[in-house]
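Next come two complexes built around chain A: one with chain B, the other with chain C.
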Partner chain A sequence: MNGFPILSALTFLPLIGAFAILLLARGSEEAKAKLSQRLALLFSLATLGLAFTMFGAFDPADPGFQMKERHVWIEAFNIAYLNGVDGISVWFVMISALLTPIAILSAIGSIKKRVKEFMVALLVLETMMLGTFTALDLVLFYVFFEGVLIPMFLIIGVWGGEKRTYAAYKFFLYTLLGSVLMLVAIFAMSALAGTTDMTALIGEKFPRHMALWLWLAFFASFAVKTPMWPFHTWLPYAHVEAPTAGSVILAGVLLKMGGYGFIRIAIQMLPEASAYFAPFVVVLSLVAIVYTSLVALAQTDMKKLIAYSSVAHMGFVTLGLFSFTRQGFDGAMMVMLSHTFVAAALFLLVGVVYDRMHTREIARFGGMAANMPRYAAVFMVIMLAAIGLPGTSGFIGEFLSMQGAFLANPNYAVVAALGIIFGAAYMLWLYRRLFYGPLDKSDVRAMKDLTPREIVMFAPLVLLVLWIGIYPSAFRNVFALPMERALVPFDAQVHEAQNG
Partner chain B sequence: MAFSMDIAAVFLPFLGAVAAGLFGRRIGDRMSQAVTCGCVFLSACLSVLIFKGVLEGETSNHVLLEWIQSGGLSANWGIKIDTLSAVMLVVVNVVSAMVHFYSIGYMSEDKSKPRFMAYLSLFTFFMSMLVTAPNLLQMFFGWEGVGLMSYLLIGFWYEKPSANDASMKAFLVNRVGDFGFLLGIFGCFMLFGSLDFGPIFEKAPEMADKTIVFFGHTFPALTAVCLLLFMGAMGKSAQLGLHTWLPDAMEGPTPVSALIHAATMVTAGVFMVARMSPVFEYAPGALAFVAIIGGLTCVFAASIGLTQFDIKRVIAYSTMSQLGYMFFAAGVSAYSASIFHLMTHAFFKALLFLCAGSVIHALSGEQDMRKMGGLWRIVPKTYALMWIGFLALAGIGVGGIGFAGYYSKDLILEAALGQGTAIGCFVYVLGALAAFMTAFYSGRLLFMTFHGEPREERHMLEHAHESSWVMLAPLVPLALGAIFAGGFAFDLFGGDARAAFWNGAIFVLPEHDSLSKAEHVGSLLKALPVMLAFGGLALSWLFYVARPEFPAIVSTAFGAFYRFVCRKFYFDDLYDFIFVRGARKLGGAFWRLGDDAIIDGCGPDGFAKASLRIARRVSALQSGYVYHYAFAMILGVTGLVTWFWYNG
Partner chain C sequence: MVDLKSLVVALPEIELAVANLLFLVAAAVFGRKATRPLGAAAILVFVVAGISLFLPARIGPEGFGAAFGNQFVDDGFARFVKAVVLLASSFSILLSWDFFEKEGQARPEYPVLIVFAVLGMMLMISANDLLSLYVGLELQSLSLYVLAAFNRDDAKSGEAGVKYFVLGAMSSGILLYGLSLLYGFAGSVDFDALSKTLAGRGEPGIVVGVIFVCAALAFKIAAAPFHMWAPDVYEGAPTPVTAFFASAPKVAALALFIRFLFIPVSGVADQWHEILLFLSVASMIWGAFAGLSQTNLKRLLAYSAIANIGYLLVGVIGGREDGVQAVLIYFAIYSLTTLGVFAVILCLRRGGKVIESMSDLQGLSKTNPLLALAMAVLLFSLAGLPPLAGFLGKYFVFLAAVKSGYFELAVTGVIASVVAAFYYLRIVKVMYFDEPSTGFDPVPNWGVRAVVGVSSIALVALTVAPSLLVNGAVSAARHFTGLI
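Presenting the complex of A and B:
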């Protein structure tokens, strides 16, 4: 790896792919579509290959940032093109690189108009995501973080459903609020510390009153992104209107940008303010877990139901993080990893029947266990992960996160554990309405089971869900050290018990 | 040698399940049945060998793989073999093997045999993981796994809405219990700094005085943790309050009821309390609660059993009632008696369910006892086997010799008295009362089903036939168990050999040793339960054979009370009203009022109304606003950078 800028290569390879599609895909509508699909798949797989190479070279025993690259960008302000990964961000890079080809595979089956543009948007999106997770300069981070929104807006706005305008405008209002405040905070930080180098800002001491304001400004952005209750109402609409591939990326990666931001900026750079606001964040998380689970119970649209369940799951992330315990931190990371695969798989599963029936109305389905046994089996495994059954990925994160919360304050865990009851309720109720009962609707009966393309899409997700569930150490060992280090400033106020 | 044996005993059913579940269609029905039956049968043989080893003092604790590791928290996949887990392994795998064989016959008409066999085997695997768990977390894994299989098997005939309702109910009621179990696990880790049984048991005595605070109230820590864990046990073992799922679970195929909802899974709660006995012993408040809940469930379930007409539901309520016995035995620190009853109950209750299945099979699916009668001529072998099961259940025996239930039930009641506390006496009275009712409903079921004249139209009986050998043969070992298991094993569980037998697997404080004190209980009190059982049997004969008009007279005389019992004390209706409808209404309200009206109304929608003009323009531009946004952002960044450039 000596000297080869693998992170930059990784980040910009999809963008090169996007340009390649723009330049090469010509001719008839059909030929254009075919070629751009192939190119998109090829480039995203090449990116995945590069990501694995990077992962292979990554040393989990080093808690710091690795494979750093630095180029002067705006010298006067000490702003640099600076990137690198540590054990935390390396996972987000991996999930972005993994989910993009899966999203492309799903789009190949379901996007029929403006295929070329869609593929370009997905690849640009991938570059933006990878850039967000590898950036080590706050301004660079901001550019990527906000840059993600552009292709995502296009995906919802151009390829979305009927109410896409409303959905996109809601998304717009919420995120605009967050990003404006974040930009202000970034410049304030830069003015105070004289640098936007994130590695330097971690460990930087800010005056207390400034730290609190800075924290609030960042919180606004990440709370919308995660999303936390009550900043979540854009999410159900965005998901419902987005095409399947968009939902996969939105739920799988974009929501994690909020969690990543909380870890990297709120907790690592502003630990005192984080501790100060912790009860506030925990209460919002607990409300999210209980409230959105109950709302999910009342949904009649599959995607809305899953969107609300995402809010509840992300509640476990913030709950774990702001318990400031080892278990809570590890739990938050595990929930994010698990939710990536589970939510992506759930949206893909909805996409499978949407492609066939063009509806997401739960009541239109029923009895599919009889004519789509493979689909039912995949759905079952993913559902079990979503309700946190031990042996699946969902359990590890929720368990650790709640254990951490219990150590911080047993009452937190009592409320959060209610979520495992409601979570099971809405998922089982969904499964029952979709798969059980008599197969008496003719259009449902006419549906065919999973195609080979769809099986290829689901196979890695199912394997990952089980792998994390049975041997989570393979994943945790990579992020354990940096997470441990992030906890150091909080050690004073933490129970001794969990450090054992 | 021992190393590979315990792993094989646990994982063989898993292999069988994978073979039948994933490749069932390729290898065919016959092969799926052969593979799963073969694997479980081998497991059963290995379990017996393991048990023999344990009798000679061989215990082990194997680590298979690291599981969860986070800070001081670490839990491994492993297999712990001691007396308790060996007894459970034998019970689980032997009954499971018999049920596997029986299912070949019972499900012969079904179209998804491989799926059924795979589920049964997978259940066996999860149950084995549960009982051999070296830590609370793996126990929870098995716990949830068996719950999942129970859900899938209750809803096996998924076209039936009633089966789907029942399966969801089972899962969700159990989740309420799991809520407590999980919090109990969290509490254990907070107190003991470990989830492994070894360190927990070691530290338990030091923790007796610790306290824990929930919502501003201070509780004794061990009692709180034990009560939370027990909440899980109440769900899984269908104890009063979390019991409503078990009768409905009878929607599943009968072999499932025999294996999961009688012999094994529902006893997991009892097993858990016995496994955690070193902690429960230091939590006297929790023990008292366990005893009272067990005693109440015992009478409560038996009383409902008196009024039911569905043959499987009668047996289901009987199971619930017998689980109550096991719990109050544990509550008076007679864990050994509790596991003893668990073991004998597994044999005779599995036998009863499989016999009931044979009757139902013979009648092409009929389960209503009011439509039966006079069947003993048609299914004589089933009839004989069912008598054995019932005599064991009723605990019939004379002068120290009797059926299996006679030994274990009497031991429990003696221990309750022997404990010498008010609670002990209280549960003794409840237990004795339940013994009377048990004999009565057992007799009622037998007489209604097999005696008298057929009450249903003739045509149903024309097709009725005795079951094939593949269904009857597995009943024989179970019947032998129902006859002899009590007498043969009494010394180990109740006699002087028990300390050596348990070899530390369960723990009883010397001052709690109710089983030793039980020997001093007066002979009249010892004999009372058996006398009551005989009385109950005689009374049922009077009601259902000699004077068949009696039941109607009695039920009219106690009209209101009878309806109250018959409607299961209105638990289901109450829960449905409060929790099921309550949750849906609350969900709807949060959605429409909370999200749409308040959050959006004050947030983005309200903002939109205030700036309608801008909103109109945005929507008129369709997707153009995206470029606007991008453009504005870049402009903003550039502007700010420039501003800093010139002023910096």
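Presenting the complex of A and C:
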């Protein structure tokens, strides 16, 4: 392992795959599609293999960054190609590497036109995601963070539904507006600290008034990306219009970039400003949890419902983070991990019936438990995890995050608990409307149960959802140390407050 | 008596001048037959001049030299900008390779005029004196007026030429008046002498002189609110000429502007500082918003050029070395990108005519996927999105602004760039999301395709390995006489 640049290999392998598809997939439309699907699956699985190798070599006892690589990039401006992972980012790398092959599997069933281009876009997207989570230089981080927009714009716009153009523009411009403000903050950090090396910036002291502005600029970017209420309005459109594979990646990984950004930059680099703005973030999170759950109740489109539930779940992430307690931090990470698998699975589940019926209108379905038992079972497990039933991944995250909020201020937890109740309401109601009742619609009755390809797609997700639910420590142990370290400045502030 | 040293310092310019006089004779003798050979010869001369720019014997150990009684200066800055100009001009000739033949307008004057314009630009870039500034600028402008009207049977082209000429002559008048005021109050035309005598003075005559010169130069670079000519001229001029207008002359005029601001009037920065701030903000905002409603590709690119000039001026305002570096990087990347975009447009003919309107690109990703991909890369780069090189340009420019304390300017700039991103995205949308209409004529010669290929690949390559460009710009700015 020594000396082998595994992170770079991991990051750029999908890109090589994209080029391979571009060059190799030729001939008739059908042959092109077949070959590009195979190549995409092969490269994404190879990337997953590399990710597991990296994970095996990762040492959870070391709270710092590991497997660092540094190359000269823009020498004159002191910008390096610098990457590495710690216990936090290693998880995001893993989920990116895991979800891409799953997304490709789903696309094999549902994307029928311009397959080659779709596979290329997905693989380019994977490189950008992996790059974002491994980058340790702010400029590099920004390059990957923004680079995500181009393939995602095309995925929504080319392969999306009816209103795809509007959705693609909204996604792109909204996110870009947030990000460019972050770019200005990166300029300012670079001017103040003289470096864009993230390892050096963690622990750097910025003048207070500057830190507040910097925090707001980063907030603009991450709040849109996460998304937090009221910056979430792009999300329902993007999700509804995106093809299933796009939604899976969007909900599973892209939203986590916001949460990751909050941890890595807002909290680790600007702890004082984070503490200053914490009440603001907490209030927005609570509104998100309660309000978007209510909005989800009123939806008639399955994808929209899940999209709003995503906003609510991400509310638990920011709630936990900005409670600045150990429980809250762990809870936020757990919610993010759980939401990745749950939301990805939910979008895939919607995709399964959409491929068969070409509608997502909840009212068009009913009684599916009778003719699609396997589908109903998978949906049940995932739905329960989304509600946060103990024993599933959803429980531990929301529980810890609420506990953290309770320690910070009991009222927070009371409000958040309301959100959980509404969450149970909309999910259970959705399940009832889809699976119970009479099987009286002929097109619903004609649907076939899950195919082997679809079972392969869902198996790892269900497994992970249960694994996290039953034995969360296996996951927590990896990120515990760096998270504790991120908490140190806040503990110090609490001590100061108590002593002073 | 001409001293030999001056001839060595001005070697590339002399090469261009001598060669072009020969071209003129050849054009007169051989007529239309000479068009293609002269085009090739012009590119060859550009290459030779480019090489002689960097001859170690010419540069000398100190890295800069003056000629002709300090009227002409050769420094790292000039060399970098001239290299960009020569490269862009060579690409422009490639772009016109068979364009005028297809239009039935192939005439040997075209390469000759281009070389004269380039000679004018090289003089502008090296001008170290109010007189050589004016002479260089006029040599360039007069050639450009003719080029705009080159498609003489086409009413639009003629209109563009006349419009450009009338407004250009007006701005030249203002320029000359400003220069005469400066000369009158300072008693010198030499940049170095002016920088000493003007320092700290604020008489109305000097202020008016500075304002007039700034306004005239703002006209040449098409910075808002002196941009009105640009959309019409861009639209009316033959497309290869538009491509040329959008790249080399802009670069040269901006280089001249920078030298003017950094040397003769550097001592009265208080006077021009706010003018520049206004030009920059107005260009960024106007270029972004006015472009939103355009449906003609060439007009759209005119507004894009206006917005980009705004970003470039952001780098100039700080008046520091890193700003100049940023500007150099930016306009090298920008010229490459914009030439690439025009090359893509020139590849697409329908019914014998080069396309003009955005809707002509409908479904290009299906009818011609490679060209659509190249265009998408170029447009995303223009929008300043990573991981393409356009991002690096914007990054350094705004970084320089923030380092000089211009936060508001940087915020305005990045927000304007989001607005402008919308119109680049619209083109991508038309190419990728819409269904194709009727097909295109076969893609023309290798010359245009080579420009498409080189520019789009370079934009990706520059992100991966920007060192060559960045180091070049850094050393160019270090050897800029305005900063020494």
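We adopt the following convention: the second predicted complex is superposed on the first by the 491 of 500 C-alpha atoms of A that agree within 3 Å, B and C clash if a C-alpha of one lies under 4 Å from a C-alpha of the other, contacts with A are read in each partner's own complex, and residues count from 1 in each chain.
As a convention for this text, a contact is a pair of C-beta atoms (placed from the backbone, for glycine too) under 8 Å apart; a residue touches a chain by one contact, two chains touch by 3 or more.
Computed from a predicted model, the values in this text were never measured in an experiment.
Participant: Applying the document's definition of touch, where does A:Ala188 land relative to chain B and chain C: first, second, both, or neither?
Facilitator: Only chain C is touched by A:Ala188; chain B is not.
Participant: So in the superposed three-chain picture, is A:Gly437 touching just chain B, just chain C, both, or none of them (first/second/both/neither)?
Facilitator: first
Participant: By the touch definition at the top of the document, which applies to A:Gly157: first (chain B), second (chain C), both, or neither?
Facilitator: both
Participant: Name the contact category of A:Phe172: first (chain B only), second (chain C only), both, or neither.
Facilitator: After superposition on chain A, A:Phe172 lies in contact with both partners, chain B and chain C.
Participant: Determine, under the contact definition given at the top, whether A:Val72 touches first (chain B), second (chain C), both, or neither.
Facilitator: The answer is second: A:Val72 touches chain C but not chain B.
Participant: In the three-chain superposition, say which chain, chain B or chain C, touches more residues of chain A.
Facilitator: Comparing chain B with chain C, the partner touching more chain A residues is B.
Participant: Go through the superposed model and pick first if A:Leu149 touches only chain B, second if only chain C, both, or neither.
Facilitator: both
Participant: Scan A:Ala344 for contacts with chain B and chain C and give back first, second, both or neither.
Facilitator: The answer is neither, since A:Ala344 touches no partner chain.
Participant: Which parts of chain A are touched by chain B and by chain C alike?
Facilitator: In chain A, positions 74, 76-77, 139, 142-143, 146, 149-150, 153-154, 157-158, 164-165, 168-169, 172-173, 176, 183, 187 sit in both the chain B and chain C interfaces.
Participant: Which part of chain A faces chain C closely enough to touch in the complex?
Facilitator: Chain A reaches chain C through residues 72-77, 117, 139, 142-144, 146-147, 149-150, 153-154, 157-158, 164-165, 168-169, 172-173, 176-177, 180-181, 183-184, 187-188, 190-191.
Participant: Name, in rising order, each residue of chain A that touches chain B in their complex.
Facilitator: So the residues of chain A in touch with chain B come to 74, 76-77, 139, 142-143, 146, 149-150, 153-154, 157-158, 164-165, 168-170, 172-174, 176, 179, 183, 187, 230, 233-234, 291, 294-299, 325-327, 330-331, 367, 369-370, 384, 389-391, 396, 399-400, 402-403, 406-407, 410-411, 413-414, 417-418, 420-422, 424-425, 428-429, 432, 435-439, 470-473, 476, 495, 497-500.
Participant: Hey, which residues of chain C end up touching chain A in the complex?
Facilitator: Touch residues, chain C against chain A: 325, 365, 369, 380, 385-387, 391-392, 395-396, 398-399, 401-403, 407, 410-411, 414-415, 417-418, 421-422, 425, 428-429, 432-433, 463, 466-467, 470-471, 474.
Participant: Note which residues of chain B are touching chain A in the complex, please.
Facilitator: Of all residues in chain B, those touching chain A are 65-73, 77, 137, 140-141, 144-145, 148, 151, 155, 158-159, 161, 164, 168, 171-172, 175-176, 178-179, 182-183, 185-187, 189-190, 193, 212-215, 583-584, 586-588, 590-591, 594-595, 599-600, 603-604, 607-608, 615, 618-619, 622-623, 625-626, 629-630, 633, 636-637, 640-641, 644-645, 648.
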